[in-house]
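Pasting the structures in now, so scroll down.
Next come two complexes, and both contain chain A; in the first it sits with chain B, in the second with chain C.
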Partner chain A sequence: MIPFDWVEPASLKEAVSLLDADDSTVRPISGGTALMLMMKPGFFVPSRLVSLAKIEADYSSIRAGGDGSLRVGAMTSLAELERSAAAIVNFPVMKGALQTLSNIRVRNVARVGGALAHGDPHMDLPPLFATLGARVSVVGPDGTRDIAVEDLYLGYYQTVLKNNELIAEAIVPPLNGARAAYKKITSRSADDWPALNMGVRLEMADANTIKAARVVLGAASERVTRLAQTESLLTGAIVNDGLLKRVSESAAAEARFVSDAHGSAAYKRELLRVYLPRTIKEALS
Partner chain B sequence: MSETRTIRFTLNGRPASAAIQSHHNLVELLHQLGLFGARESCGQGLCGCCTVLVDDVAVSGCLYLALGVNGKSVTTIEHLDESGTLSPVQQAFIEAGAFQCGFCTPGFVLMTHQLLKQNPDPSEDEIRHYLAGNLCRCAAYPEIVEAVRLAARTMKQARA
Partner chain C sequence: MTEMGRSLPRLEARSKVTGRADYVHNMRVPGMLHAKIFRSTIAHGRILSIDTSAAREMEGVHSVLTGEDITRVMAKPYFGPAFHDQAILALEKVHFIGEPVAVVLADDPHVAAEAAKLILADYEELEAVFDEVEAVTSKAIVHDELKPAGTFADLKHLAGRRNTNVTLDYQLRRGDVEKAFAECDHVFEHTFRTQQVLHVPLESHASLAIPGHDSLVIHTSTQTPSFVRTEIARLLGWADNRVSVQVPFLGGGFGAKVYVKMEALAAALALLVKRPVKIALTMEEQFYTISKHATTFRIKSGVSKDGRIVARACDVWWNGGAYADIGPRVAQKTGFTAAGPYDIENVRIESTEVYTNRPPAGALRGFGVPQLVWAYESHTDMIARALGMDTVEFRRKNILREGRPQATGTAMRDAAIDKVLDCVAERMNWTAPFDRGAGAIKRGRGVGIGFKASISPTTSGAIVNISADGSIVLYTNTIDMGQGSDTGMAQLAAEVLNVPAESIKVVHGNTDVAPYDMGTLGSRSTFHMGNAVKLAAEDAKAKLAALAAEVGLPEGTNYDVKEIFRKRYGMQAGNVVGVGTYVPRYTPPDPKTGQSDNVTPFWMIGGTGAEVEVDTETGHVRVIRLVNVADAGKPINPKICRTQLSGGAIMQLGFTLTEDMVFDGGQVTNPSFADYKIPGFRDVPVMESELVTATQETGPFGAKGIGESSTFGVSPAIANAIEDAVGVRITELPIRPEAVLRALRAAEGRPLEAV
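So, the complex of A and B:
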């Protein structure tokens, strides 16, 4: 690694002003775990890092709304989210998903903003939050805009965020009785990077009839993706073995798979075929 | 840009300062100050050999910029026996024979301290889960798990 300029702004606004819309060698740094992994081998050579440490106090709260929603400051650590009673009570699916997200030291340091902004398709928080229909509030030089997590990603390490925009907060809407499940399938150890991860959120009309569905896929593809055709197959349908079979075939045909160190495209397709019915069953159990 | 910067922090309970380069990580900072208990092995956050506590939270020193500890409190493995006696966790690792070469041991010991502080009576599953980010190339895992249980028992007796 080679030296770089380091600044520690005291407000989010000041942080935005120290970033540069046209210069991608100037980056914000929150936990630094992802950036360090890229800086050490020289994949990323910063000219300046804008530390968000001094604004942590203002952006690290986890607040549960009376309606069952959740607001999470961008500087909340993943470990704090994992331990948060508010998060777990309103969204039981979060705990298990976070517990297998890397190891405890990484979760101690990594921040929600960094986890959502990095854009590595293997990561767990983006598909988990997209499944839950979460949005992020993003601050830039011209003010604040609101982006659905599912719309954040364009491709490998590419997001719709401008170089001088910062995630300030994530807002997870209430489940309102919807059922959610998230699965991470690893080909080596349990806390490894996934070969495939997947979330489903099902609103039920009655015990067996689905009113609305979200099906989100990560890791297997180039970016976090909602499987729209599969969702429409589920919408209004009665859950039975026939439906689960049709849905898993549809998802395997619809998703675009990428081979990598964690599995070939064909293997990931097979994983999706097997695990989607299991994830749906887990959500409904 | 390549000029050194001075950071001030608390190191093992005492005020410390160091002139560092922006790109140095926490392990490099500690080595500069003569503390070699935290070592960089994988360099990728996977193995835990570089475990250090920052404001009493366990971090991988290999992925933590030295600049980031400015104003914070850093605790290393060297702090545990500063009183002249080994900590109950260190003692338990010896009694259980929980190492061969010892390269991974400082990380496992610090992580065990953190685990037992948060969860004084962990199940085997909880122990294995908490230590999943620490690797031992000598594969002393069964003895390490035993050492954690032994330390939990000793600490419980000391409290009683």
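So, the complex of A and C:
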């Protein structure tokens, strides 16, 4: 490994100042679980790593809002989130989903901000948060901007974040009675990146009528994607077998799939066909 | 007689969980240099030039060495247990992507690794071959000439052969297969394939060579210290006693650490630079070091109307990769049992191992037998189903029973095959109604049973040293790599000497002090070393009795051992040293027919029952229960035996469902453990491990080896259970959900699109 600078700023602001808008070899590091996988084979060779370990403790906190919302500091570990009463009481979907994000050794170390900023389409936190309508607060040299999680991703490992911007926290809006479910489907071992992951969030007008829907697909495609046509099919619809079949076909037609080591595009399309109705049923169960 | 059958906790467990146990990876000595390897980027080619200048100039680099440099200390730097085909660093040619070509030495391993990236090699590319069936007839020839090492008599006929990739052509003939096929009522033929996989010890290979005055000490993670010593001495033209091989604990071996791996390179480098040199491979380098054979197995059976298998023809192709390693022996030894544990009058077996331009394949837990059982137990199930017979009943009808001759002509002795099958069926509650599942989830169950001939003929030696205070040290070159051999060996010595096993100190893995042992491999240690330890302990006991008689104590006295020594030497002084060496008898098979009246010292028997749930809409297979049953003879330590069974079964579960070295033109495309998936806790089903009541008459106190037995039946039991659940047959490993869904959809007449 070629020697590189390691800096440990004491504040988020200082961390931002140590990053470089034009130099992608300068990167922030939080848990480092994903970055290390890129550094070991030499895919990423840093000139400077800006550790976020010593920034303000506030960025490691989880706070529940009185309205049922949740603010998650970027330096919160995945395991802390999964064990947070505020998170799992307000968002029952989180508990099961977070436990399948990765193995416990990674969950103990990986941070929420890093998991959202990395841009690997196989990760689970981005589609989970996108399903819940979460937004991130992003800090750069010119101030703070607010981005919906689903808008963070441009493509394979590509995000809208500039090299000198950092996710400071994520804000998950209250469920307000909406129903959500999340599925991670692997095709090799259980502790693996998914072949496909997906989430649905349904606001119900009554027991059977959907008022508003979010349907998010990850892993099977190049980036986290909301399936807009499928969402509009669901909106205002009455849930029955016929609807589930229609949305299943709609989603399979709408989504774009990539063949990779986890399965062919044809197989992933089939997984989506099967799992969309299953996920909707689980959300409503 | 209190130690046999005692589930004594492992003697080394406490030092391991408290971090006190030694591993080569942690060793550091003054002046030590770290070596990092530059590897071939092409699958087959002639080396035109190697440019090491940039690497040499990097700050902190001690030196950069190539195959030519190695010849300065080892004139013929080719090694291997079966063939002397493997250059320590590539000379003239490279044969697979990942082959070691050059080495950088530096005080800092990170500097060495960075410098290795600066080396440039220029090759003239040659045509390559990757498939085991194609390699038999391909124009691409991996090695110009076959060079048997001379160690194994059954490989000598291959010496000097040119223009071939075939490293072994084993054959067996029993009865008249063609006549039986012509006359029988049904003939079935199927072809099965297995993928190339890895051992994945959590400790990668590590060797530390320390040069001395006309001598060399090698601390290394090997399962075969005696072999390593002799092979390094041969390469150097030295007497064996100038090389000392020392082995602490191993963080797993599974066959990856047999024979020479990094030791020859470490030794050559240390002698070249006259400093201690350590090579510690990364986890990722395991992909380029040693693997398990990919195979193709075409199997054909003739069956009578009443469900008797009357003939079986087996053609097995073994993908040996670029170096033979021990692969030819895998092809030969598995040839004995390729027709399965059934009583079949007419058998023909061809077992062919070939060189290809893939990373080398060698021994891996089961030594080829799991690949065979995968095919013959899938095939056997398919026959039973085609005949409308219960799959267990069909096996029972054909099972090889005690005293009956097996395909090699050797009569079965102390082989509880029928008991293992019965026990699996009983634990599975086979005759009771079975819940078939509901909705998209269908349930099924299946069994698989296999057997293996032990390695033969091989030698083990042990020393038991009784000190003047009566305490006992056992010296053995059996390596404890997690299988609990130190504990088992201590129990054997303790049984003879009538002391508690935990009072015995076991010194393992040191060729300076412990006698010869062929190796910790092939489940041979309990039987071979166990017998040697028993003999050594008996020898010590007899010598102690003689000493007691010498000092005038009446026979059968219960005098304290200390008193005997004190009476003899006037103070606490002296030793009693007992020595034991064991080698079983063996009749080599006839090279033309494979027939022998004594082809193995003992048989290993293992059976598995699996229950699965298959998601008919996605193809996902969930193994919900695995019942593993084995014949351990009389188990020395039943608890360790059971954990061996569960460990072996989990390993084979990975080879069945998740693990796969994926290749693109000879390049492994998933060379990391983020993409090569071993099973995790959430993949492991309910496991049951059971030992049948049996005795190995020739084993130490009736015991036999068990380290591989639970690997046999897992893969076919799962495939058989899948067919039982959803009616489709998978013939290729690993069984991934997409393959199952594709098979399901093809059967429904609405196949899934290709991409």
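Methods note: the second predicted complex is superposed on the first by the 284 of 285 C-alpha atoms of A that agree within 3 Å, B and C clash if a C-alpha of one lies under 4 Å from a C-alpha of the other, contacts with A are read in each partner's own complex, and residues count from 1 in each chain.
Just so we're on the same page, a contact is a pair of C-beta atoms (placed from the backbone, for glycine too) under 8 Å apart; a residue touches a chain by one contact, two chains touch by 3 or more.
The shown structure was predicted, so the numbers you read here are calculated from the model rather than taken from an experiment.
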item	value
Superposition on chain A - do chain B and chain C clash or fit	clash
Touched partner set for A:A190, first chain B, second chain C, both or neither	both
Which superposed partner A:V274 touches (first chain B, second chain C, both, neither)	second
Which superposed partner A:N103 touches (first chain B, second chain C, both, neither)	both
Partner chain(s) touched by A:I88 [first = chain B, second = chain C, both, neither]	neither
First (chain B), second (chain C), both or neither touched by A:M204	neither
Partner chain in contact with A:V7 - chain B first, chain C second, else both or neither	neither
First, second, both or neither for A:T33, with chain B first and chain C second	first
A:A53 touches, of chain B and chain C: first, second, both or neither?	first
First, second, both or neither for A:A237, with chain B first and chain C second	neither
Chain C region in steric overlap with chain B, selected from 313-321, 385-393, 475-483 or 547-555	475-483
Doubly contacted chain A residues - partners chain C and chain B	1-2, 37, 40, 103, 189-191
Contact footprint of chain A on chain B as seen in their complex	1-2, 5, 21-23, 25, 43-46, 48, 51, 57-60, 62-65, 67-68, 111, 129-130, 132-134
Complex interface listing, chain A residues touching chain B	1-6, 29, 32-33, 36-37, 39-40, 47, 49, 51, 53, 79, 99, 102-106, 108-109, 189-191
Parts of chain C lying in touch with chain A, wherever the complex brings them together	110, 113-114, 117, 282, 284, 617-618, 620, 654, 657-658, 662, 669-670, 672, 674-675, 677-683, 736-738, 741-742, 752-755
Of chain A, residues touching chain C in the complex	1-2, 37, 40-42, 103, 185, 187-193, 259, 261, 263-267, 270-271, 274-275
